[in-house]
Every structure is written in C-alpha cells, then in structure tokens.
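Here come two complexes built around subunit A, the first alongside subunit B, the second alongside subunit C.
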Partner chain A sequence: MRGVLAIAVVIAVLAVVPLLVHSNVVLNFLVVTLMIALAGQGWNIIGGYGGQYSFGHAAFFGTGAYVTAILQVHYGVNAWIGFLAGIVAGGAVGGIIGGLAFRAGLRSSYFALVTLAFAEVLRILASVAPITGAGVGLLVKLDLRAQSFQFQSRAVFYYVVLALVAIGLLIAQWLEHSRFGTWLIAVRENEDAAMALGVDATAVKLSAMVISAAITAAAGCFYVQYFLFIDSSIAYGTWISIEALLTPIIGGVGTVFGALVGALVVKSLGEGAKLVTGDVPGLDLMIYGVMLILVIAFAPRGLVGTLTDLRAGLTRRFGFPRKTAEVVRG
Partner chain B sequence: MAEALLSVESVSRRFGGLLALKAASLTAPAARITALIGPNGAGKTTLFAVISGFLKPTAGYVHYAGHNITGEPPHRLARRGIARTFQIVQPFAGLSVHDNILVGAHLRHRARTEALLVAEKVAEEVGLADMLDRPAHTLTVAGRKRLELARALATEPTLLLLDEVLAGLNPSEIRDIVPVIRGLSARGIAIVMIEHVMQAVMSLAEHVFVLAEGCIIAEGNPAQVVDNPAVVEAYLGRGAAAKARAVHAH
Partner chain C sequence: MLSPVILITAVLNGLMTGAVYALVALGLTLIYGVLHIINFAHGALLSAALFAAFLAYQKLGLDPYVAAFLLAPCFFALGYALQRFVIGPASHGDDRNMLLVTLGLAVLIENALLYEFRADTRTIDLAYSFKTINFGFTFLSVSRLISFVAVFVVALALWLIMALTDTGKAIRAVAREKLGAELAGIDVAHIYAMTFGLGTACVAIAACLLIPTYYVNPSAGNAFVLVAFTIVVLGGMGSVPGALIGGLVIGVVESLGGFFFGESLGQVGIFLIFIAVLLFRPRGLFGASA
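Then we have the complex of A and B:
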C-alpha cells in the first residue's frame, strides 16, 4: 500500500509542473524525458526484474510507432485505436523474439546479441519496405483534435505520457508484490533453483517479455503522435535501445522508480551539457557513457537501489528493527 | 519394504563418451528415509538430476506415485510433489531469507499473505525463524543449507531429494539438523538423501543404495551395507566401515 502511495505522490508532484511552467522548451524536454522513462520502464520489467538484458528494445518501440503510424496513414484507422494496436503489436513482437530466444535457452550476452540482431533486421526491413515509407519515413497528417490523438497544447501531451508512466510504475509495483513478480525475480537470481521450486522459467520470462515489450511499444506509439513523423533510424535505431536500458540501469535496475529517476537524471545532464557547450554532436552519448561507468563501478544497483541500501543499512545500525517500527507506525 | 513412491528403473545417462549412469535402479517408499551413498563421481548427483527433471535419461524410466515421469521438466515435477536441494547451495542471493522461502511457498499458495505465512512456518521448522529479514548472501554455510531445505519444504513436497545437506557442516551443526530431517519423515515426507556423513546415514536411513561408477553395487539396511565387502572395497574402506558399524551398534 505504501508503494502505491509513493507512486501517487510522485505522479501528483509531476502533474503540478505544467501549471507552474509554461515554457514550451521545458515542457517539450519533460515530455521527451517521460517518454524515455516509459521506454526504460518497459526494459526494466524483463531486464531489471527478470535479469534478461535486452539490447534491442528498439524492436518494440519501433513496432509500436510504425503500427500506430501505418494504420493511420495507409488505412485511415482512428489514432486511438492505432495507439492500442501499436501496443498489442509491440507485445506480440516481444512474444515472438522472447519465445525464440528463451526456448533456445539464450542467456546473458547471447540474449543481448540476439535482441540487438532482431532490432537491426527490423530497422533494415523498415528502411526498404514500401509500407513503412522506406527511406523517406511516414508523416502523420496534422489534425489537432482530441479524437485524432493530437493536441494543440504540449501540456495535454505531458499528461498523456505522465498517465502512461503512472501505469508503468503501477505494473512494477504489482510485480514486487505478486506471485508472478516473485517468480520472475527468482528466475533472475537463479534460474535452476527457481525451476526446482516449481517455477516454469520459460513461461515466466516470456510473459515478462510481452509486458516489457508492450510498455516500450507504448512509448513508440506516443512518439508518433507527438512528433507525427517516424522513419527507420528513429523507430528501430540503436539510440532507443540504449536509452531504454541506460535509464533504468542508472536509476536503479529492478526498482519501481529506477527508470523514471534515471531518465530525469540522464536527460537533464545530456541537455545541460548541450546548453553549456552549444550542441557538440555526440556529447550526450559521451555523458551517458561516463555515467554508465560511474554507476556500474560505484552504485551497481543504480541511484534508487543505492539509496534504498543506504537507508536499510542505517536502519539496521541505528534504527528500530523493522517489526518494531511497523508496530509503532500501526 | 512398502509400496514404492519413487522407482527408478535401469536409468542410464551418457555425457558424450562417458556413461555416468549404467542401468541404475532404485526405489523409495513413502514417508521413509532412503540414502544414496557412493564415492565421488559415482553419478549420485546425476541420478538426482534425472529424478528431478534437470537431465533426461539416455535410457530407462522414472515412476512416481504411479505415473511415468521420465523426462518431465523440473517445474512440473515440483508441482507433482518432488522437491530437491542442490549440493552446491543455490540461494537467491539478493533476496532476504523470507523472500527465498516465499518463492517455494508460492507454488501452492497464490495469495502473498498466505504464502508469507507458510514461509514463516517453514523457517521455524528448520530453525531460520530469527533470520527471516537477513539477506541470503549473509548466511553461513550451515544457514544456507537450512535455507535450501526450507525452500524445498515450502513447496510442500511428498518426496524430498536432499543432495548432501550435511556436507560442510561441523559436528554440532550436524547434530542440530539430523532431528529436523527425522521430523520431516515423521510427518509423512519421503526422503532420498545423498550423503557422505556415514554416522548420519546410519542413524537416519532405513534403506541404503550404494552407487559406484554409475552402477548400484549394493542395497539393504545400513548394517547390511557396511558389512558388504563390495561396498567396503569401493567406497567406505575398512576403517570407516568399522566406525559406521560402531555408530550403528549404539
């Protein structure tokens, strides 16, 4: 219950921002940051909680984006339905890639390489297939009406992506307190031991992969509605695979708020550096690299994880034991 | 001997050029303790891996409670009531003791509060009640062995395969855990244990199988086995056999 409360507080605080800040630059920055947080939260499900480090979440982001765009551009489907279809399609691609990889028993670096390969294959296909607009990409027609999932005000987009992030946080919170999540974490910690205790490791990883892919696909769907344009290097480019894994790793793998915190920190530093130096190309990537090294060297559980550990350590040394504290609070 | 709960029928397992198990057969009755002993490399752990579904046998069958379970995956066997511990302990290192046991408890209890309670009860039974909140990686060897046992028990098994739960423990720790194991069989769980600690085998097991170079070379009650010249030759050695006999006499 306390976890849900924490999520409510964080979302409420973020919801106030557009009321105080009217700068389009700032809002745009926050919308993109939340979108990355959403993509990262997807990665966090299979990567953070499931321990299967995917290097190809672009496959899901891109599929979500393309399905949303193609349905609207080529088939005149309503944008909201396209959005949902994009999420479902992303989840399905997750199921296919996960099914192949997990059934083949691929783990750790092999899994990472195979997911990367799938994303690259999709990128190349999308760059030549007519339906994706090949090298030109797809433009969604401007139609600033709510039923077309397009809004004049950036604040509305902000609330849409914030709502999606909230759902992502709630899913992570549910994982931490459900049988499915317990099994998923057990598989991450030790797959053989989990199987001996009755956990169908392949099925658990596969389900987590579908959920993970669907969440990251939602970020892709959102991208299309926000920018109204998609091409193969955006949709299936390695940039999104990297940002999707970087944000939860820096923020805290396998924690509810890891991806959100990571996205805020990573994006702030990236944009800040660009402002200071005047947009040196590739500078943000250098900063990501340095941050990744620092986090892995000094805080392998990420910012959130390290804070939790510190607090637990302090409580153990100075505070009440947990049970007593709960009685006092209750 | 009572009706067999588990019966392994001429199971063979080949690893490339090595025949690790050569038509090994073994049975275990319900609610009794059966021991599997033998020298290192005899194939004991391989046999456990076959019974628990981690390895498929090259030939032969495994029957459990009247079903042919040969080649079924581990998670389905766990659901049927077969639990195992690992010789090299495999804790979920990043999780607390409570959460470790919870994973097992969730097999038969979907609701978290119920599963947590089951986990707590099991922890009490094996003597881990004071350590529920400790991270698993901070436990001593003895603690980890108990945790292995606790997790397996939390799945509420009918058949428990214990792979050297006493190895690495000092004599006083062994004295502490032997009654726990006896208590489990007393409440109806069939146990098959791989063990090198002969005093424990002598005092716990009703029936002993001896595996050497992939073959069952002897079986019988503990006293018969330690008197068997083939077993003394292949595994025990004269001194240990005499000592085991002495333990049994008491």
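Then we have the complex of A and C:
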C-alpha cells in the first residue's frame, strides 16, 4: 500500500508540472524523457526483475511504432486502435523472441546477442520492405483531433505519456508484491534453485518478456503519435535498445522508480551538456557511456538502490527500533 | 546470366572478405574463451583502430601495412589497460556487469570518435588500392590478397604464442579452470588483461588490412562486429579454428547472398544463420560446450 501511495505522490507531482511550466521546449523535453522512462520500464521488467539483460529492446519499440503507423497510413485504422494493436504486436514479438531464446536455454551473453540480432534483422527488413516505407519511412497524416490521437497542446501528450508511465510503475509495484514477481526474482537470483522449488522458469521468464515487450512497444506507439514519423533507424535502431537498458540501470535496476529516475537524470545530463557546448553530435552519448560505467563501478544497484542502501545503513547505525518492531509484529 | 566464372569470383571475394572477418572474430573469440563475456566494445575499438590507421597515413605518411607493426602493440596496451583498470574493477566479477561495461565503453568510444571526427566517411588513396592481378579467369585485388595471407600469418603467430610461451600457457590455464589457475599462482587479473590486449591487437591489425580498400567513419567497425558475433557463435565461442573457418564461411555466404539477393538481404542471411545457430546449436559447430 505504501508503494502505491508513493507512486500516486510522484505522479501527482509530475502532473502539476504543465500547470506551472508553459515553455514548449521544457514540455517537449519532459515528454521525450517520460517516453524513454516508459521504454526503460519495459526493459526493467525482464532485465531488472528477471535478470535477463536484453540488448535488443528496439525490436519491441520498433514493432509498436510500425504497427501503429502502418495501420493508420495503409489501412486507415483509427489511431487509438492502432495504438492498442501496436502494444499487442510488441508483446507478441516479445513472446516469439522470448519463447525461442528461453526454450533454447540462452542466458547472459547469449541472450544479449540473440536479442540484438533480432533487432538488427527487423531493422534491415524494415529498411527494404515497401510496407514500412523502406528507406524513406512513414509519415502519419496530420489530423489534430482527439479521436485521431493527435493534440495541439504538448501538455495533453504529456498527460498521456505520464499515464502510461504510471501504469508501468504500477506493474512493477505489482511484481514486487505478487507471487508471479517473487517467482521472477527467484529465477533471477538462482534459476536452478527456483526450478528445484517447482517454479516453471521458462514460463515465468516468457510471461515477463511479453509484459516487458508490451510496455516498451507502448513507448514506440507513443513515439509515432507524437512525432508522426518513423523510419527503420529510429524504430529498430541501437539508440533505443541502449537508452532502454541505460535508464533502469542508472536509476536502479529492478526497482519500481529506477527507470523513471534514470531517464530524468540521463536526459537532464544529456541536455545540460548540449546547453553548455552547443549541439555537438556525440557528446550526450559520450556522457551516457561514462555514466553507465561509473554507475556499475560505484553504485551497481543504481541511484534508487544506493539511496535505499544508504537509508538502511543509517537506520542500522543510528537505530530506529520502530522499524524492527513493525517487522516482528507483522 | 549465371556463369561459373562469376560464381567463382564471388566465392573468392567472399573468402578474402571472410579472412578479415575471421581476424576480427579471432579477437572476440579469444576474449570470450577466457573471460566468458562478449566484448561489445570490439566494434568501437575497430572503428578507433581504423581512425588510427587513417591518421598514421595522413599525418605520418605511414603505409597501413607498416603502421600495423606500430598499431598492434599500441592497441595491445590499450586493451590491456581497459581490462585491467576499467572493465575488471568496474564489473566486480559479475558477467552481466562486464557486458554492460563493455557496452558503455562502446558507446563512449564511438561517440568520442563522432565528436572528434564527425560522421564524415573518409578513405585513403594508395597507389595499390585498386591494383588487381589477372589470374586468367578472374581479377583479384592485390591488397585483399595481402590481407588474406596476413590473416593466416597472424593466426599462426597467435597459435605460437598460445602454444609456446608461458603467458600462452597461463591464458589456456585460466580459460580451462580459473580457480585452479589462481591457486597455481597465476595472476588472473593480469591474464584477463593480456587476453583482452591480444584480442584488441587483432582488431588493430584487421583495421590496417582493411583501410586500403575500405572506408572509415565512427561506426564503421560495427558492421564487422555484428558479423564477427555471428562467426564466433557459428564457430563455437572460444574456438580459434572455429573462428577462422566460420569467418571464411560467412564471407562466402555474404558474398553469394549479396550476389543473388542484393546487398542488404545478404546481411539478413547472416543474421538468420546467427539466430538459427544460437537457438539450435549454441555450442557452435566446433565448440566444446556452452
């Protein structure tokens, strides 16, 4: 219950922002940041809670984006339905990739490689197939009406992506307190031991992969509605695979708020660097690379995890017996 | 029209491209065999080496084949330092952390190159860049023939290092049984770094062999490394002969695939092989055990 309350407070604070800030630049920055947080939250489900580090979450982001765009552009399907279809398609692709990889027993380096390879295959296919617009990409027709999921104001988009992020947070919160989540964490910690205790490791990982892929796909669907354009190097490019894993790892891998905190920190630093030096290509990503290494070296549980550890350490040192009493009573 | 001469030329060209793939893969498989991680920074290091070879020619007037003798030790030292002082300490001995640290290095190196040199694609003009030898039935590029031979020389040298030197013995010992090697007094952190250095030196030599006929830009190395992953998986992770044969096979597959289906779909063929091998025979064709 306290977890849900924390989520409500965080979302409420973020929801106030558009009332105070009217700058389109700031809102645009926040919308993109939240979109990356959403993609990262998807990664966090299978990577953080499941311990399976995917290097190819672009496969899901891109599938969500393309399905949303293709249904609208080629088949005249309503954008909201396209959006839902994109999420379902992303989840399905997650199920296929996860099913193949987990059934083959791929772990660690091998799992990272196979996910990367699937994303690359999809990228190359999308760069030549006519239905995806091949090298040119797809433009969604401008139609600023709510029923076509397009809004004049960035604030509305902000609330849409914030709602999606809230759902992502709630799913992580549910994982931490459900039987399924416990199984998933058990598999992460020691797959063989979990199986010995009767956990169907493959099925658990597969379900987590589908949820994970669907969340990241939602970020891709949102990308299309926000920018009204998609091409193969955006949809299936390595950039999104890297940002999706970077944000939860920096924020706190396998924590509810990890991806959100990570996205805010990473994107702020990236934009900050651009402000200082002008828009030089490569600088923001250089900073991401350095941060990734530094966080793994000095705070392997990420910012949220390290703060939690610090608080636990302080509690232990200065002793608030109230906490222990609660545990004993509970 | 499909004539056997064109087909043979395609196969020969594939073999020569494949040899350079094999060299890149050799570095990767060596690192995997000992450290048991995929080095995701391999491609970025290849791009860096391509730039180094490019600059050696541009600023110092060094022929790439001469520069190889300078760059190989430099990149050996670079690889050694990266593993000893960055990857090793940062990853706390956890495999997944190691993967992420190499990924972080890849992002850092690639974008440092982008920052410094921008995305422009550069080439160097050498007198022999486009020289060919007439074999009667077909023409083959001189510089690609040189690289074909050079790859086998490097592979032989590597084999000699592994078979005859103490360091080679220690590397093999650590690959086989890390704890036992440590108990026998081998400095594992040092051996890890030596292995990483050797793998990185392979990349530097590959870059010098590539630069006469290839181009350089900050992400030039990535194309090779995705192929090298495939080769390493195909040949069996950690297997040196597997990497050589796998490299040649993949070179031919790509050349023929490109010949029949067009350039980008030839690449899809490689990835499909990759995924199929990963899923159905992750030990690879020559690997002992996963």
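Note that in this section the second predicted complex is superposed on the first by the 320 of 330 C-alpha atoms of A that agree within 3 Å, B and C clash if a C-alpha of one lies under 4 Å from a C-alpha of the other, contacts with A are read in each partner's own complex, and residues count from 1 in each chain.
What we mean here is this: contacts are C-beta pairs under 8 Å (C-beta built on N, C-alpha and C of every residue); 3 or more make two chains touch, one makes a residue touch a chain.
Keep in mind that what you see is a predicted model, and the values were worked out from it rather than measured.
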Partner chain(s) touched by A:L197 [first = subunit B, second = subunit C, both, neither]: first
Which of subunit B and subunit C A:L269 touches, first, second, both or neither: neither
Subunit B versus subunit C as contact partner of A:L170, first or second or both or neither: neither
Contacts of A:I11 with subunit B and subunit C, given as first, second, both or neither: neither
Touching partner for A:A186 - first (subunit B), second (subunit C), both, neither: first
Subunit A residues touched by each partner, larger count belonging to subunit B or subunit C: C
Contacts of A:V128 with subunit B and subunit C, given as first, second, both or neither: second
Touching partner for A:A112 - first (subunit B), second (subunit C), both, neither: second
Subunit A positions touched by subunit B in one structure and by subunit C in the second: none
Interfacial residue positions of subunit C with respect to subunit A in the complex: 32, 36-38, 40, 86, 89-92, 94-97, 99-101, 103-115, 118-119, 218, 226, 229-230, 233, 237, 264-265, 267-268, 271-272, 274-275, 278-280, 282, 290
Subunit A - residues contacting subunit C, complex: 51, 53, 55, 100-101, 104-106, 108-110, 112-114, 116-118, 120-121, 124-125, 127-128, 242, 245, 249, 280-283, 285-286, 288-293, 296-297, 300
Parts of subunit A lying in touch with subunit B, wherever the complex brings them together: 177-179, 182-183, 185-186, 189-190, 192-201, 321-322
Complex interface listing, subunit B residues touching subunit A: 52, 54, 73-76, 78-79, 83-84, 86, 90-95, 99, 102-104, 106-107, 110, 112, 115, 133, 151-152, 154-155
